[in-house]
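Right after this note come the structures.
Paired with chain B in one complex and with chain C in the other, chain A is shared by the two complexes that follow.
Presenting the complex of A and B:
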């Protein structure tokens, strides 16, 4: 078989738009899922069972069911109630899904900071909240970097699932181009390389961050 | 206690303190006064309650009954709860420096930031002034050259000296040492002892829980032997370490000092 990459060039603007949407979703979901995960972890560790148990049940729901199913539920379920753009549904679905996984990491790393750190901070006169903010959470964040990085890379790949509900990210954009050009392999190769490049950059970023924080652990 | 001690200004007063962990009563009515500018050492076997007593002064352990005061102010206040108590205890703790067996330096902060964090955040000290104070204190413990280094790069002895500088940064009225040299390799004990000795020379009020009998004898103005949650014997260090009255004290010291007794 012979390869013809000229349709890829023809539909390059469509692909670039797809990359833009993928990156936009990736950045928003990264911020949302990391900040949300940290919040969920703090609430589930430091509040009483009445608050933390329903929250954890909610989190488990997202961890134990397929992402695609969650997206369908949100898209068709919420769509029954209110008019909501697919991209917003996608961001929420992916956001909650990875928020659950990130919360799980933060719960482990917060617990791994020794009681001695808490006591040392309290003995200086810091309150409970100030101790969390200044001492416990920064250390928990540093310890979370490797796993958090892995999660975010998985998340970027999972943005492709959003094509199932019609979000015009990279895979969806290429599907359109394939349907009119009939050159699937060329597009598959190109978008695979694009994901490869994005995630290699993220890997490098993660490795850099790990080096920057290694001596602070 | 000798009568002249009664006339001294009490900085820490511990009165009839009881504490239990479940069914185990670890403090069975402890009384102790730490006068201003004096150094009190508490010795005793593991599980004697000496660390629990020290931690109770900082309210890291909550006592069941009795009173502990710092400079005339009650540390434990069962009458106030929630945020009001949190404010109270934060204020009390800002006047006490606590040094832990395992240093507990903040690993994500540089040595200097470890020292200046509390004055910057709690006293709203200007960053530049805090830096000067921090450098001064690091210089005092002989580690000015390590200001920008992170705790992971320090030896145990250096970590503990930074921890002492960190506690001093809040200009505490009393310093509490909870087995400050117990986790150190023998050759690193001396550098920490020297820093503590220099504090003693400056008349810092100190309450020390220690296994270093020689050190306790040299620096203390009063020494107390605890066992099984009670004060077995207390006296001037000269007397307690050379001619203790109680058999339990004698046995304990014989084990720790070898044939010196």
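Presenting the complex of A and C:
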């Protein structure tokens, strides 16, 4: 049992490029899934059954099936219709998956605020839209912070699954280096540590954000 | 559609098989980790904490690739199915140890103090007083983790275990009917997950039926 980490150093630029793409995907999916999740939640709460029912079905379907299965479906399903790069499929797949989870959280937090305050706000003369944007949503967003943070941390770890459909993020980027150096153990240890470092930073960020928003609840 | 369903049903059994084994072994791993947290010798406690932190802080997918492709370097040459079970167990074990600890800590401290002052030993207090009251919460959180594990078990398709997602991907490739294959395999995951939810709910009711509220 001998370890040789020198190939990892040789291929460091490749790994760094992979980290860059992983972080890029993470940021895009974070924005996409939080904004989309909020939109889906608001629409599914404040519209009629014809619109809200399919949205609830969408949330339910994405939460009860594995991410990888959804990615394969999108990859082969969309691939049949149009020529589309793997990274776009990956961002859409991961984005829709976490959009469903985030929408589920927003539905719960919007309801928790809305229960008492919707009528109070309306009876004070605010309109439906003003009540939603000035009273309900700001509070619902702040209440959602802890769980959204958890979801985003899980999401960044799940970007590794995108390598299965050929997205050139960290895991996929190191595959060539692994196949020529025959040092899978060393490479995957380093990759795991990189994810661990990202994870710790995100947990610190989450703790900071929770402290910042705690007094506003 | 009719001709692919038996293949997917067979693959779904592999998903169930691998998940059940991982959950059972994962419970043993979790129990050991919880026990390590209470050992007097400090390095053992640190090991337990560090293990949980690292496993929860790294992707399951990377853990799987590390043990499957990197395992032979440290003398761990596992076949894909065994590798899936082992990595699944050691992964869910970390999460489960936190769930078990949380459930034990949720039991009021006065319960164990009262039990100790009535003359019961530490082990008897844990087994007869604390655990029965923690069991309900424990079962529900383990149920949630089991569902996550079942969905994560799709990742062992990457190391060529012929389970549900592997078979679905292969059939999508050979039949060019992504929607139908996705619908059938998604339905199977949904059936498995709802079965787990049902079992968890039954077990929850059974363990909490004498709980005072």
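Note that the second predicted complex is superposed on the first by the 210 of 217 C-alpha atoms of A that agree within 3 Å, B and C clash if a C-alpha of one lies under 4 Å from a C-alpha of the other, contacts with A are read in each partner's own complex, and residues count from 1 in each chain.
Assume contacts are C-beta pairs under 8 Å (C-beta built on N, C-alpha and C of every residue); 3 or more make two chains touch, one makes a residue touch a chain.
From a predicted model like this one, the values you see are computed outputs, not experimental measurements.
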{"item": "Touched partner set for A:92, first chain B, second chain C, both or neither", "value": "neither"}
{"item": "Which superposed partner A:119 touches (first chain B, second chain C, both, neither)", "value": "first"}
{"item": "Partner chain in contact with A:142 - chain B first, chain C second, else both or neither", "value": "first"}
{"item": "Touched partner set for A:171, first chain B, second chain C, both or neither", "value": "second"}
{"item": "Which superposed partner A:29 touches (first chain B, second chain C, both, neither)", "value": "neither"}
{"item": "First, second, both or neither for A:134, with chain B first and chain C second", "value": "first"}
{"item": "Which of chain B and chain C A:107 touches, first, second, both or neither", "value": "neither"}
{"item": "Chain B or chain C, by number of chain A residues touched", "value": "C"}
{"item": "Residue numbers on chain B that touch chain A, as the complex places them", "value": "58, 60, 86-87, 90-91, 93-94, 96, 98, 100, 102, 104-109, 117-118, 121-122, 150, 152-153, 163, 166-167, 170"}
{"item": "Contact footprint of chain A on chain C as seen in their complex", "value": "54, 57-63, 65-66, 69-71, 73-75, 151-155, 157-158, 164-165, 168-169, 172-173, 176, 178-179, 182, 185-186, 189-190, 193"}
{"item": "Residue numbers on chain A that touch chain B, as the complex places them", "value": "114, 116-117, 119-128, 130, 134-135, 138-139, 142, 213, 215-217"}
{"item": "Residues of chain A that touch chain C when the two form their complex", "value": "1, 3, 61, 64-69, 72-73, 76-77, 80, 157-158, 160-161, 163-164, 171, 178, 183-189, 191-193, 195-196, 199-200, 203"}
